[in-house]
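The structure is given below, and queries will be raised subsequently.
Going by the order they are written in, the chains are A, B, C and D; count residues from 1 in each one.
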Amino acid sequence: MKKIINAPKDVVEQMMNGMAHAHSNLVHRVGNSRVMARNYKGAGKVGIISGGGSGHEPTHAGFVGKGMLSAAIFGDVFTSPTPDQVYEAIKAADQGAGVFMVIKNYTGDVLNFEMAKEMAEADGIEVEYTITKDDVSGGESTYSDGRRGVAGTVFMHKILGYHAELGASLSDLKDIAEKVNPNLATMGLALAPATVPEQGKPGFQLGENEIELGIGIHGEPGYEKASLMPSKDIAKVIFDKLNAYLKLQKDEKIVVMVNGMGSTPLMEQYVFINDVFNLLNGVGVHVAHSYVGDYMTAIEMAGLSLTFFRLANETWLQALQAPVETIAW
Amino acid sequence: MLNLTSTQRWMEHFFEEILTHKEHLSDLDNPIGDGDHGINMARGVEATKEALATKDITSINELFKTIAMTLLSKVGGAAGPLYGSVFLAFAKASLDLESLSKEQVITLFEEGQTALMSRGKAGVGEKTMVDVWVPFTAQFKKGAVRLEDVDGFVEATKPLKATKGRAAYLGERSIGHVDPGSYSSGLLFKTFLTLELF
Amino acid sequence: MKKIINAPKDVVEQMMNGMAHAHSNLVHRVGNSRVMARNYKGAGKVGIISGGGSGHEPTHAGFVGKGMLSAAIFGDVFTSPTPDQVYEAIKAADQGAGVFMVIKNYTGDVLNFEMAKEMAEADGIEVEYTITKDDVSGGESTYSDGRRGVAGTVFMHKILGYHAELGASLSDLKDIAEKVNPNLATMGLALAPATVPEQGKPGFQLGENEIELGIGIHGEPGYEKASLMPSKDIAKVIFDKLNAYLKLQKDEKIVVMVNGMGSTPLMEQYVFINDVFNLLNGVGVHVAHSYVGDYMTAIEMAGLSLTFFRLANETWLQALQAPVETIAW
Amino acid sequence: MLNLTSTQRWMEHFFEEILTHKEHLSDLDNPIGDGDHGINMARGVEATKEALATKDITSINELFKTIAMTLLSKVGGAAGPLYGSVFLAFAKASLDLESLSKEQVITLFEEGQTALMSRGKAGVGEKTMVDVWVPFTAQFKKGAVRLEDVDGFVEATKPLKATKGRAAYLGERSIGHVDPGSYSSGLLFKTFLTLELF
């Protein structure tokens, strides 16, 4: 394992401190908790929080700031944060109007956030949440927990943050989230695995010429190994999965995100989105806005994910494009 | 009869077994999860040992509660709230008791199992630790359980296709691997059995 | 070589097209040249152009837009662009007030940009330029070409873009550039090399436990191999080199940039900047602003560079912080 | 005497040699540069061959000018403007000439060398192609040059420490490697010598 770190067990602490130092104009660490909160208070507004394991940077703390998240929780690397830490974030985010939690659909995340909600409610803080499940790589889900929450969650952060800033209530936000959720579809693939520092070795193995289709964001293997193929063929495989779920219509408008998994050069991400545009043009779908870059990573995994976000509601584009004051949006 | 001393011995032994098998637990989590189950559990166990060392534990209830709270705040992942809920249920089941009879230990395990299942919402056959809890508790209620039986319950998760937890995302590819949480629960039961109390 | 591309020879073309599609609100490709120009014209203002080999994304096109660069030229991967393409950029950028070129100090870049300047002048377009040389890894330079231009160049783009937008003349910009140049100091290191697609194999080899100190941005080896060390020790090595050049004074203000080389997770970059802050605190130097992320990469090289920018002039901080409309700033 | 036909033969042979040694040229550039010299030169040569194929070349001047302009717009890097300038100088030196005598070929090489050195500002001993140009032109002026002599000039760049071009950033570590641009210039001279004109 070759990493610029000091000791594996100190990575999350030191990363948080580095981030707090580097962006002290925007965010601060709450005491020595695992919570990064925005400096801007947003008095009287609903706080939005999100979190999960560390290793997905810039998710989640990169999206903390005015117009987006109020606070983010850092679990250990690829490990859901504990309820007490989520509860710290709830307290930091609460400005009297309650707190809305964005949870990615992983058993650990759901369980820990739910326990935190119970703790906060015992203290009289109102808490609502949504569970994102945008990973459609598995096709029709055969497992009872449903699809994973992956990069599409970033759009959820942005849209909820926009509405919270405008004064939306907890139940407004819950409504919006439930409308956004079914319009998000993502699928990813990996060319090389990631190594959790405390583990010291990669989460899976891939041959010289192998790729892993349908990976999540935790170094877990995907649904299938395949041979390396040209970008345009990868684009087609993913496009078909997203389309099977969204059933895109001619002339409709979507937002596209190509998300690097951590060590994928922008060069490859742009070559890839070029192929995606070719496919979308082929079926007459319009791209209202696109995002390219590392938004939700899996440490240094090589690969990318593609998210299509159907603009079923007119305000969503505006919500995405509105300016924010964050590290990474 | 399970009293404070033997419960402490049980827990200490369980902790040692987790630390000994730390790497193995993560290795089991690698092919069908995210390879951190050993790390998560070890982190919780280290913190719990520390918490217990600085505290004068005077009851079984207090012991289980301390374990529960520490695991909850240290383990994270799926295992944290699940084991946290189990030990909270153990604490509840041993409230005001100085020692537990076999009947009471059966209740203890049943309450743990109920907490586990209502927190995680998994049933039997979904390739989670539930698949060790349910047969263990049932057989313990019926009579004796041998160490090899527990190994058998753990091994029996191998052919299952996961439909809960992280392994579920692998679908068919989850088949053929032992479930890591089942292995760690197996350690809990095996260290209990080595007390040879009942 | 495992990359998400179609064919090595098509990478630059397809990357440019992908970028133009994805960010059509901000930039456009000039015909089928190797030039990406901003949509915003800036009539009557000096145009700023920059360019070099491709493979440094988001540099250079990521910084094209209102308030920063007017146009960027894409050479082949790690290869200086040709004079005719630089000349295309000059023409695209010229709004009647002439064009200012930011050249990183590499023989090829300097030669090609100089030839383009000659071509433009023959057509009556006034052209000025600056050559950035911020890489101080070599210590006192023993070679006559001087130090390399690396990540500090991004600050040059931003500061010149700010002043050009305010209406600075060619000679004003030349003045500013010459004042900025000596206050930039950068040094980088690599944990793993990059592979140029058309080459198909890495630019250098590193052992399991080796790092390369003083690397540039083209996959060229650095001045020395060393054993992998903890982040804080790497920070010290680089800090000492930068300080030997800048001779930082107690209580002075600098701007800091940690720049990922392409496949370095933000996790490592933040752990590293935490160590840099500790060193700066130790000598009483204040950080007025910091930047962390992939600004000037070497395809998928693993490693990072650290830039210190001495704020010798009060307006520079303002120039850096002013909003722009670009893909990547 | 160098006429259009023999110049064309020279250039075709030079192009083939560049393509044959494409990988070797890049390999030489790897340890002390950025490993692209072969790719750069081959790209320029391919484009030049295409440009020449679609054009009816009627003079040496036109031949060199076409080569110059194509290399300039296709090679990039340091080599592009350097070879571009060299061939522009060749074109100038052969303007209005139907063939070149030995004296005129000497002038051709001298003008090329001057253009190279004023574009790149490198002197002798800085480990660039100048270190092949200068001894070659000098010896050619004095009399005959053999193929082995050219190999010797190229090899002689090995012990030099680079102070110009990308290799200069390596300092001491540039010692012990042949300079790639010197190797490609060596090919230019060796293909000239195989014409056996003088």
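By definition in this document, a contact is a pair of C-beta atoms (placed from the backbone, for glycine too) under 8 Å apart; a residue touches a chain by one contact, two chains touch by 3 or more.
Here the structure is a predicted model, which is why all the values come from computation and not from measurement.
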| item | value |
| --- | --- |
| Whole-Å separation of chain centres (CA-atom averages), subunit A against subunit C | 29 |
| Whole-Å gap between the CA centroids of subunit B and subunit C | 54 |
| Intercentroid distance (Cα basis), subunit D paired with subunit B, Å | 75 |
| Between subunit C and subunit D, centroid-to-centroid distance (C-alpha), Å | 31 |
| Residues within subunit A bordering two or more other chains | 77 |
| Numbers and ranges of subunit B residues touching at least 2 other chains | none |
| Graph class of chain-chain contacts, one of line, ring, star, complete, other | line |
| All touching chain pairs, where touch follows the definition stated at the start | A-B, A-C, C-D |
| Subunit C partner contacts - residues on subunit A that touch it in the complex | 2-7, 11, 14-19, 21-23, 25, 54-55, 57-58, 62, 77, 191-192, 208-209, 211, 228, 230-232, 234, 256, 258, 262-275, 277, 287, 289-294, 297, 299-300, 302-304, 328 |
| Subunit B-facing residues of subunit A, complex | 53, 75-85, 106-108, 111-112, 114-115, 135, 138, 142-145, 148, 196, 198-199, 203-204, 216, 218-221, 223 |
| Residues of subunit D that touch subunit C when the two form their complex | 26, 30-31, 33-36, 39-40, 43, 72-82, 84, 119-120, 126, 162-166, 168-171, 173 |
